[in-house]
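Accompanying notes for the structure given below.
Each chain carries a letter (A, B, C, D, E, F, G and H) given by its place in the written order, and its residues are counted from 1.
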Amino acid sequence: MNKPIIGILMGSDSDLKVMSEAAKVLEEFGVAFEITVCSAHRTPDRAHKYALTAASRGLKVIIASAGGAAHLAGSLAANTTLPIIGVPINWKLEGLDALLSTMQMPPGVPVATVGIDGAKNAGLLAVQILATSDKKLANKLTSYKKQMAAGVNAKAKKLKKEGYKKYLKNI
Amino acid sequence: MNKPIIGILMGSDSDLKVMSEAAKVLEEFGVAFEITVCSAHRTPDRAHKYALTAASRGLKVIIASAGGAAHLAGSLAANTTLPIIGVPINWKLEGLDALLSTMQMPPGVPVATVGIDGAKNAGLLAVQILATSDKKLANKLTSYKKQMAAGVNAKAKKLKKEGYKKYLKNI
Amino acid sequence: MNKPIIGILMGSDSDLKVMSEAAKVLEEFGVAFEITVCSAHRTPDRAHKYALTAASRGLKVIIASAGGAAHLAGSLAANTTLPIIGVPINWKLEGLDALLSTMQMPPGVPVATVGIDGAKNAGLLAVQILATSDKKLANKLTSYKKQMAAGVNAKAKKLKKEGYKKYLKNI
Amino acid sequence: MNKPIIGILMGSDSDLKVMSEAAKVLEEFGVAFEITVCSAHRTPDRAHKYALTAASRGLKVIIASAGGAAHLAGSLAANTTLPIIGVPINWKLEGLDALLSTMQMPPGVPVATVGIDGAKNAGLLAVQILATSDKKLANKLTSYKKQMAAGVNAKAKKLKKEGYKKYLKNI
Amino acid sequence: MNKPIIGILMGSDSDLKVMSEAAKVLEEFGVAFEITVCSAHRTPDRAHKYALTAASRGLKVIIASAGGAAHLAGSLAANTTLPIIGVPINWKLEGLDALLSTMQMPPGVPVATVGIDGAKNAGLLAVQILATSDKKLANKLTSYKKQMAAGVNAKAKKLKKEGYKKYLKNI
Amino acid sequence: MNKPIIGILMGSDSDLKVMSEAAKVLEEFGVAFEITVCSAHRTPDRAHKYALTAASRGLKVIIASAGGAAHLAGSLAANTTLPIIGVPINWKLEGLDALLSTMQMPPGVPVATVGIDGAKNAGLLAVQILATSDKKLANKLTSYKKQMAAGVNAKAKKLKKEGYKKYLKNI
Amino acid sequence: MNKPIIGILMGSDSDLKVMSEAAKVLEEFGVAFEITVCSAHRTPDRAHKYALTAASRGLKVIIASAGGAAHLAGSLAANTTLPIIGVPINWKLEGLDALLSTMQMPPGVPVATVGIDGAKNAGLLAVQILATSDKKLANKLTSYKKQMAAGVNAKAKKLKKEGYKKYLKNI
Amino acid sequence: MNKPIIGILMGSDSDLKVMSEAAKVLEEFGVAFEITVCSAHRTPDRAHKYALTAASRGLKVIIASAGGAAHLAGSLAANTTLPIIGVPINWKLEGLDALLSTMQMPPGVPVATVGIDGAKNAGLLAVQILATSDKKLANKLTSYKKQMAAGVNAKAKKLKKEGYKKYLKNI
């Protein structure tokens, strides 16, 4: 694989079940990435260094997931000017704590927050950011959007053909 | 001013008091932008066209603000592959409705959400995204971060010198 | 079946398990309807056209379901003056996000929101709306209300007869 | 004025400041209405009778507002098959209690809920319901929608002309 | 059994699993009660009459359970001056909707609300109310309190003897 | 005044502005009461003794108010079998913390909770409890209910006569 | 075992599954503790005495767990000046009620609250408090912190070596 | 002043109005402290160093305040084994975001959280922690508790003497 330009950091390896969706999106778009476990609270030094060296190591965007008092994305944002995408993980309180901990950043230090357990969208947002200067990726995103619509429309067709009662049996 | 590369859309002109902070950040970084009022619910056609033509008109990132059932950012994201930054506006329920309406997007259509009334961070995030392919902006961000730290440290020095009681009187 | 006068739109086919309750109510009242999958975010063009052509195609009321940042009902309401009934689907946060995204619409663009996963009530509300100009439907609604009361009263009778301990065993 | 076809019920006369917006909309559309104070908890008999006689008195739709444990809309819905539009009033807890009390109705008894303090939308929804069998009203709604869009677009033009700084001063 | 002095009303027979705890408490204290299903929304007339005739039929206290937009307790309180004990049932949103619908009553019409699914406490509260004029019941309550404390203390003793690891295995 | 049969305890004297409504209701019904400041956290011994001696001192019902981690009502309930009415005071978080701290009592120890800042209803509930064995009070409650309805109906009449626009000016 | 210096109190023995984590931490650090069941509401006298005698019996810190209207920690704090660590237990409402009941204490009576079901952190916080005057414990805490970081880093290494797909299969 | 043993860190100098209460408590108890502004997000390096050197500089306890995505307390806890007391500041959402960001820490890294804007309790908790190994401070805490009770009791006496109506006028 090429040199990674996206870093995926998980506050806990228990996030992987969710966060693998981000990895899969990046693979689908052919974007080189690295993925690791790194906790703002349990490995603060590594998190600190990761953020400080990220740009010089060639990373363009960092995706960070955490649950509870989800500080990982924010603590990375404190130490780099790269765009940080935060993924709040549902650990307690249906994910409300992680959501607020990730998103309610003070003026001056943004985190681009996606929905609770929104790993797929985190991956896509990273691709969208890269695509602002990569025409090829931008075209792939356009295709992706069309395929997504086609997928919904195919379901609509099937539903029309089968009727809702039959369709319901096969969900 | 140069041709805009950032678009700021407000769901209502009552958002301007908050959203002018995004505009100021972009001016501070010398990033050309346009700003307009455009409602997902009251001017859906214009919102639709805005998103569909944004990329071809040269925009790189769109910042969208809305309160309540805040659909503007999401409806733009549905019609373009540019990164969309959503700013939930506190209109009712302390902004909780806007926050959830902006952030909880379905898989496939991300919105990069910042905090409630987080216009300044929306501007900075837009700059960070541009900076992934603009070394000069990246350097400016680094300087900005240093100045921000210096500002806090100056306050710390003043607090130490004056003592908390005197400092408190002048807040 | 007759030409549909009610349209049921689901933001995702995973809503069908809930939304089939709306379809069943309409069948029970002999009201012709159509049901399809159509996402405000993944198939915005189709949603757009659906709303714009709904009245001319003979629809009188539209029922729309969505979870999370539930924009479907609102985006339809932006493009038609037909009454839109919104059904917030419980996907995350117990449905609180969908509830607020559906209901907190800005002045000028109403959505008639029913409870979380309230598909049955959405169907009944559509019938009530039609019944404002259809005496026959109004009479059916009156009968329905009586049957509903009779059902509760039958349970009350059974409970009285059996005693709560025996009744409890058969729940 | 003609014989009323819309009834506006307020749980308390302190709701009038909010609910007058519904009355104004109905006047704007030339829809005859009546407005009164009637509490589900303090005048249950009158509320009971109001609902039971509403249809025979010629009402087509009822709009009901209440704050706190907002039962008025639901208690009317229990006693009539007319469409009931519920307006949750912000009295305590930012209106969250009224919202949930109005909207979370059991299967069989729908209330068409609009947003917190959403009186204007309640009025418009009532007109939309009437318009399902009144072509003239439907046309007026279409005009209303266009004017609303024109209003937003005029603001957009003014903002473009003046620039955001000047515009901000005049808000 | 004697003539009932407590009435237990359930908004739905699905509440019985929870509400049987109230019945058991009343049996334990030898208090005669009746229990029935009666919905504020689906059988409003019966609920209405129940409240209006409760005092004359000899009831002293009414316990009412409901989920969602839980109006039963409030609608009874509107039609009688007997103390009404409300039990919010967890149906949606972890019971938060029922809790607020039951408790946030307007000035003038109180409902004595217990915790979510708090049927046992509803039964005890009813006994406490009766005990304000029934010395025998008051004494039974004192014994009950002692037994409850003894039960906790016995567990404490067992825990001390066994150690927490062994105790844990038998929970 | 006669020997008090109702005790009003406030966790803080800052509650008095709210709680005086309870006192006024009791005066209106001619029920003798005592009112004091007593904190579960700052004067636990006095709270303890108050509860332990309440019944022997002739009290029949205790009303307790507190904000935040509102333990006063619960701690009294732990030490007496008299009915305890809890009034959650809005101090922080719109009163949500006090509401949950007061209401979510464990099985075995009920608190009869009224709405946030619901002092008037606390007073009325206390009267309702006394009225279960005091025919005269029960009659007064019936009159009170009628007067309350009459008050609402008078407003309805005035609103009808004046029209909503004139009425609105005088609110 | 040595004379206990930490007391663990559980409001219910059903907390033990969670609270045993606190006990394990204390064992790991070689800190003598006692653990018991003691309810603020069901055994108020024992709770009262426990707090009043804790310091003289040699306890330095008390850890208290409770769910719902979680008063145990606060009621202990009212009767001793020892540091009280509160553990909100998830019983209802995802633990939000216990969290607010434990944490929102009035000025003058602090409770050191940890996260929902945060028994392990309660144990560690107790050790940290002891370590302010126990160099040996402080050193153990430093080692513990290093081991914790090492554990995360080992997972990071494994993830890097295996790749995320293989790692995911073994979670 | 003596060498500080308590450090008070504020994420923003706008916290000072609240946090000065902590400082005042420490002065009242004669505990030497230092107070500074230091942001986890804007001055991460200083926050990092502060935590790493705190113990060696003689600090025993750190009090940290922050609003929104309140990471300061948690980021300090990541880098020291001293007890960290977190004070959630009400900046947005009534302080709910800060509360959850401060309290919901992952297992292994505790933060002793006090209530929203609970600076006074943070100061007292710090004193309680020091008092676990300082008999003099422990005695002072006991006196403080007595004075606090005396203050409440004096108010109770005044209320009894004046009656609630007169007392109310002077609040």
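Assorted remarks:
Assume a residue touches a chain if its C-beta (ideal position, glycine included) is under 8 Å from a C-beta of that chain, and two chains touch if they have at least 3 such contacts.
Because the structure is a prediction, the values reported are computed rather than measured.
The minimum number of touch steps linking subunit B to subunit E comes to 2.
Listed by label, the chains touching subunit C and subunit D alike are B, E.
When the interfaces F-H and B-C are ranked by C-beta pairs in contact, the top one is B-C. More than half of the contact pairs at B-H come back, by residue number, in F-H, the repeat among F-H, C-D or A-H. Taking shared numbers over all numbers used, the subunit A to subunit H interface scores over half, which places it in the same class. Between the CA-based centres of subunit D and subunit F the separation comes to 34 Å, rounded to the whole angstrom.
Work out the mean CA point of subunit A and of subunit D, and you get 41 Å between them.
Looking at subunit C, one finds that residues 39, 42, 68-69, 92-94, 96, 103-105, 108-109, 111, 115-116, 148 touch two or more other chains.
This structure has the following touching chain pairs: A-B, A-C, A-G, A-H, B-C, B-D, B-H, C-D, C-E, D-E, D-F, E-F, E-G, F-G, F-H, G-H. Looking at the complex, you find that subunit G touches subunit H at residues 21, 55, 60-61, 81-83, 85, 99, 103-105, 107-116, 118, 120-122, 124-125, 128-133, 138, 141-142, 144-145, 148.
Residues of subunit G that touch subunit F in their complex: 11-12, 39-42, 44, 48, 67-71, 74-75, 77-79, 92-93, 96-98, 100-106, 108-109, 111.
Here subunit A touches subunit C in the complex through residues 90, 94-96, 115-117, 148-149, 151-153, 155-156, 159-160, 164-165, 167-168, 171, going by the rule given at the top.
Residues of subunit F touching subunit H in their complex: 13-14, 16-17, 20, 23, 35-39, 42-43, 45-46, 68-69, 92-94.
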